[in-house]
Amino acid sequence: MREVRVGLVGAGWMGKAHAVAYKNVPLVFGPEPAVPKLELIADVDPERAQAAAEALGFARWSGDWREVARDPAIDLVDICAPNDAHPGVALAALEAGKAVYCEKPLANSAAETRRMAEVAEGAITLVGFNYLKNPAQGYARELIRAGELGEITLFRGTFDQDFMSNPDVPFSWRHDKRLAGSGALGDMASHTLSFSQYLVGEIAEVCGLWETFIRERKVAAGGSGHTAQAGAGAAMRRVENDDVVQCLIRYQSGAIGTIGALVFTQERMNELLLYRHTEPPGERGYKTIYIGPEHPGYGAFHPIPGIGLGYNDQKIIEAREIVAAVAEGRPAEPDFAFGHEVTRAIDAVLRSIEERRWVQLDEI
Amino acid sequence: MREVRVGLVGAGWMGKAHAVAYKNVPLVFGPEPAVPKLELIADVDPERAQAAAEALGFARWSGDWREVARDPAIDLVDICAPNDAHPGVALAALEAGKAVYCEKPLANSAAETRRMAEVAEGAITLVGFNYLKNPAQGYARELIRAGELGEITLFRGTFDQDFMSNPDVPFSWRHDKRLAGSGALGDMASHTLSFSQYLVGEIAEVCGLWETFIRERKVAAGGSGHTAQAGAGAAMRRVENDDVVQCLIRYQSGAIGTIGALVFTQERMNELLLYRHTEPPGERGYKTIYIGPEHPGYGAFHPIPGIGLGYNDQKIIEAREIVAAVAEGRPAEPDFAFGHEVTRAIDAVLRSIEERRWVQLDEI
Amino acid sequence: MREVRVGLVGAGWMGKAHAVAYKNVPLVFGPEPAVPKLELIADVDPERAQAAAEALGFARWSGDWREVARDPAIDLVDICAPNDAHPGVALAALEAGKAVYCEKPLANSAAETRRMAEVAEGAITLVGFNYLKNPAQGYARELIRAGELGEITLFRGTFDQDFMSNPDVPFSWRHDKRLAGSGALGDMASHTLSFSQYLVGEIAEVCGLWETFIRERKVAAGGSGHTAQAGAGAAMRRVENDDVVQCLIRYQSGAIGTIGALVFTQERMNELLLYRHTEPPGERGYKTIYIGPEHPGYGAFHPIPGIGLGYNDQKIIEAREIVAAVAEGRPAEPDFAFGHEVTRAIDAVLRSIEERRWVQLDEI
Amino acid sequence: MREVRVGLVGAGWMGKAHAVAYKNVPLVFGPEPAVPKLELIADVDPERAQAAAEALGFARWSGDWREVARDPAIDLVDICAPNDAHPGVALAALEAGKAVYCEKPLANSAAETRRMAEVAEGAITLVGFNYLKNPAQGYARELIRAGELGEITLFRGTFDQDFMSNPDVPFSWRHDKRLAGSGALGDMASHTLSFSQYLVGEIAEVCGLWETFIRERKVAAGGSGHTAQAGAGAAMRRVENDDVVQCLIRYQSGAIGTIGALVFTQERMNELLLYRHTEPPGERGYKTIYIGPEHPGYGAFHPIPGIGLGYNDQKIIEAREIVAAVAEGRPAEPDFAFGHEVTRAIDAVLRSIEERRWVQLDEI
């Protein structure tokens, strides 16, 4: 049994989620082609690193991510640090010859992701667009690539997340342009953009629109996590990022004719709706398919369809992808090049909003 | 252009609905093979008969239903009188050689419906199970009869109607055993039974269970229609009929193997869900089909699918069925023989509840 | 009983639908405040006018719409002629002092609708945006106007209609820029725009995108209705209008805070989904409300909720609105001024597509 | 940090699922009040026990379940052996003073479960009705117990599982009356019965109906798991158990008045539909609630609602329940007494089918 030795940077909520996923990989998928070994965890807060190492079962801990990047006993560097720290850790790890698994977004600007994608050429990388790891998405892409739906003429995606819609939710790093890059655009729309790029292909041009409805928020005394609360007399701080973003997209493919359609809703993540124009008149309609062993990744969990995967199971499939890729010396997917394409699209939307015009992806 | 001369008995809510349906038949379906002519309307309340004749456009009115049954200028007798009056009117009309269109239930007991079905042999009759006239139902039966779903092994039907679930709704004829026969059983379950008999076929035996949760109700000062209300000091009267009924059914067909399934929900009356086991693994699921011109009766309304029929449109299709049958001298469907089968099933459920045992349909 | 004397222009599919609706108005709503009288029908094809008069029960017919506009025995001119004929008929009727009920779109350009709205000032007019007459829409607006949903911060609408997605559907007036103005934009998106303007209010600016996927179509030998078909050797003609259109919209309201949300799908036209942020945590969610007597217009059809209205019932509610408005000498809704706003929005989208930029409504 | 030392009997699919769940308990819920320790695994096949010990991380393994029951280093005996082995293992473990976590069904007959429930009195036990551990179910019971839905007047449950509907699926222990007790009744309906007993309470009497549609099946050469297949010339064996079962149930509560309703569908296991009659007229309907931190057990997984739990997450919540109960010396739920009630209901249904009559629970 081979081992893939993991060094994890960032001991917060997402770091824990990755650790849990690694632990489940051999339980769900078995020991082949390799088993992840939780070797080293780093966090800027050394106490948090130590506590996480104990709780999650890492062999060692550190207060400095550089130790992870340069440690010869590490095969795979996993980056769960804040977004603005992604480029530094990833470039150091790549230069040290490691495989790199980085949470989304790959970075806050296309300038950075371009550099990361260039350095990553030939290396094994993975960006954590975990929704793409839903067997329903894998199956959707299979259908599209096999031409089962004809050429794709229309993609329509929305991502509604209301945890910020309450004006009493305090200011957090998500509202700080320097730390987060953008608001709903980078955090939510990036998922939708990644879906479209995964399923439809390259974007030619975009035109965007955004709004910040809650223009200032209270500053919480303590942290700014999902459960943070600010008192009545708290100071206010101006929100720098967007609450809502919309954009028009023209794809590079210029297609004609449609013979099918797909609908997917993450809240019903075990269902894929499929429409085939090729069915006889009077019997056309959206078919609700429950994901099952025939769809990529599901079979390791349950032998029959309809049992139901959850969010965490997507993460297990994702972690398995990078572990297997490292063990087999093959590319993982979606890699840094894909992550760069998503960030290019985000930057194009940003520019189109600032300059109130259509922006070509080639400009970015 | 031929005319079918209609005599209508009962000028209440359902009488009006039938009249509206007749008026729409030529507008929706055109003048062939015949146009209904609203000739005569009767009601025990002559003033109501007169008012309805004026509002709905009947040529004549009467306070006595016998005039309708014996009038030589009437081709079709339409019975919208209270349930307990159905047998008397229907038998008189049949004996006078008329075609008869009777609202459901055909009568309150199988003893009566047996006699009615016997007398109706060779005559043109129709029972107003209007839900069966939904194009979705017609299509469902086509699929089943063509063997597209294999042998039917399971039928599961429910009819939830909550307008009686409020204890403040006053006592009405529906709660009076003599007038209504039964409560939810005859009023609601009869629809579900008729679906199963229409789609699956003959019933072999039943076992039932019922409950009256609201055991007494206030007596309203005026009428007892859907909008009646009783004052605070109103007298109470014991409810004689059931609020909820359930039953097990064994059908005469003893089938093996299933290759499909259907789901229909009246609240989404324009959708039929179809499941085919013959589809490839990984692509099986319920398909949501919107009814359209390919399904029986829809095409007269709209040239493309998904536009949407309503309850009243079912009634138009039903009225057209009897008008066309009279004009063409052919049987209409579902006829009195079918109506008798539904009442037999109801009586069997009743007896199984009273005697707390399985009851064979052959006993009724 | 008062009468409203109707003169109808255009004896095609929509003319028939209006006539059917008028006939149902007194049947459903009763004779107050007035009953429509089908007085005169005109069509460019006099034989079609005569046949329609007989089939639908008009007292007189004509081959010239001008007779309708100037006939002193007409109270209400109803325009179901092709789109490009709307301005001529409407202006003549308005100048003759008639009330006018015009099918949507009011006209093919904002230049025309501006003139029509100006002339219509003080007159009784109605534009046939029949989807707005669904009780679900009336209720949605009530909720919004009562502040039950807070300020509206986001409107997202789509209209998917696939009857043109088959490349074998032949060329029709819908593909001719001169006759139809635009394709999906004027025909489908106009409904969505009208929803947003009805529910959210005035548009500030738009930016659009469109595509014609099927760039040429066969020319059918006969007509070009929904059932037209072209033979194998038919000549091809270039499609001038759009198959798909999308646009971004910024509304004039600049609101903050949301406390509710609505979802409506025409294919499930009897359901309105309502979300209230004011409900307790752990019990928030979209509630599926079946329309019923509490919602505007439904009560005339059925005494209890969930029975189900169809497309034609919307048209009956719409016809009743104009008949009652004429009888009571009050404005109808939505009127020509509203119809002009919709066409302005369409023209703004058109210009934004042609000039590849954001367009202010004030420019139109 | 306290440990709860687990001895697991049965190294098959469900044994693996339990082991995975234990491993996730501290990762999801943290180390308090105790962490499960995988101490010993037993299987009749010693090689399978050894392989599972290595793959799943048990400290020791055995070919004899008796070692687990009597090992002083074991706090909790977890029974994932075949159904007919449950009583022997459970009784031995209880007599040795262990806490016991037994997969459903508790046993194949009420005679056995009665004895097990008696011996379990005062001990800590849990039966693996994992669907009851869905936060949606916990919340449903909270609502019902708080009287938010009034008295419960109607429970309607179905469990459709089609993996046996294919006649080519070979004979397995599920079709053998001695091994499985019954077919759909014990395997599927037991879940539905347990829902009703969990939510509604004690059953007074039942009347059942069943059918075996596929009366013989091929005997597979190898095993008979979910993926087994039999060749063309395989021998046939008669199916002894039911494919479909239905039953009527009368509950002991005799309630009046309903003010709410719930709908739950396992295939959409993250949604609970709630209907409150107390809402204003015109705004009543089923509300789709996505489970979230306010619902029992969800908060340990995700900080915001709508992220989505899967089947395995239910098992983690279940394993956590027994681990915490052992650590805190408190009863777990649902315990053996509840498991006995479910089996009593199953036996009552069985007898009612055999004797074609209503059967009181008191008879069992």
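Chains: A, B, C and D, in written order; residue numbering restarts at 1 for each.
Here, contacts are C-beta pairs under 8 Å (C-beta built on N, C-alpha and C of every residue); 3 or more make two chains touch, one makes a residue touch a chain.
Quick caveat, the model's predicted, so the values are computed rather than measured.
S.K.: Provide the labels of all chains in contact with chain A and in contact with chain B.
M.R.: Touching chain A and chain B alike, sorted by label: C, D.
S.K.: Applying the document's contact definition, name the chain pair with more C-beta pairs in contact, C-D or B-D.
M.R.: Comparing C-D with B-D, the pair joined by more C-beta contacts is B-D.
S.K.: Could you tell me which chain lies farthest from chain B when each chain's centre is the average position of its Cα atoms?
M.R.: A
S.K.: Using CA atom averages as chain centres, what separation in Å is found between chain A and chain D?
M.R.: 35
S.K.: Please work out the Cα centroid separation of chain B and chain D, and write it as a whole number of Å.
M.R.: 43
S.K.: Determine the centre-to-centre distance between chain C and chain D, using the mean Cα coordinates as centres, and give it in whole Å.
M.R.: 55
S.K.: Which positions in chain D are in touch with at least two other chains?
M.R.: 290
S.K.: Along chain D, where are the residues that touch chain A in the complex?
M.R.: 13, 16, 19-20, 23-24, 26-28, 30-31, 55-56, 161, 163, 225-227, 266-271, 290, 301-304, 306-313
S.K.: Where on chain C does chain D make contact in their complex?
M.R.: 139, 274, 281-290, 292, 294-295
S.K.: How about chain A: which of its residues touch chain C in the complex?
M.R.: Touch list, chain A to chain C: 153-154, 156, 158, 162, 165-167, 207-209, 211, 213-215, 244, 246-248, 250, 255-258, 277, 356-358.
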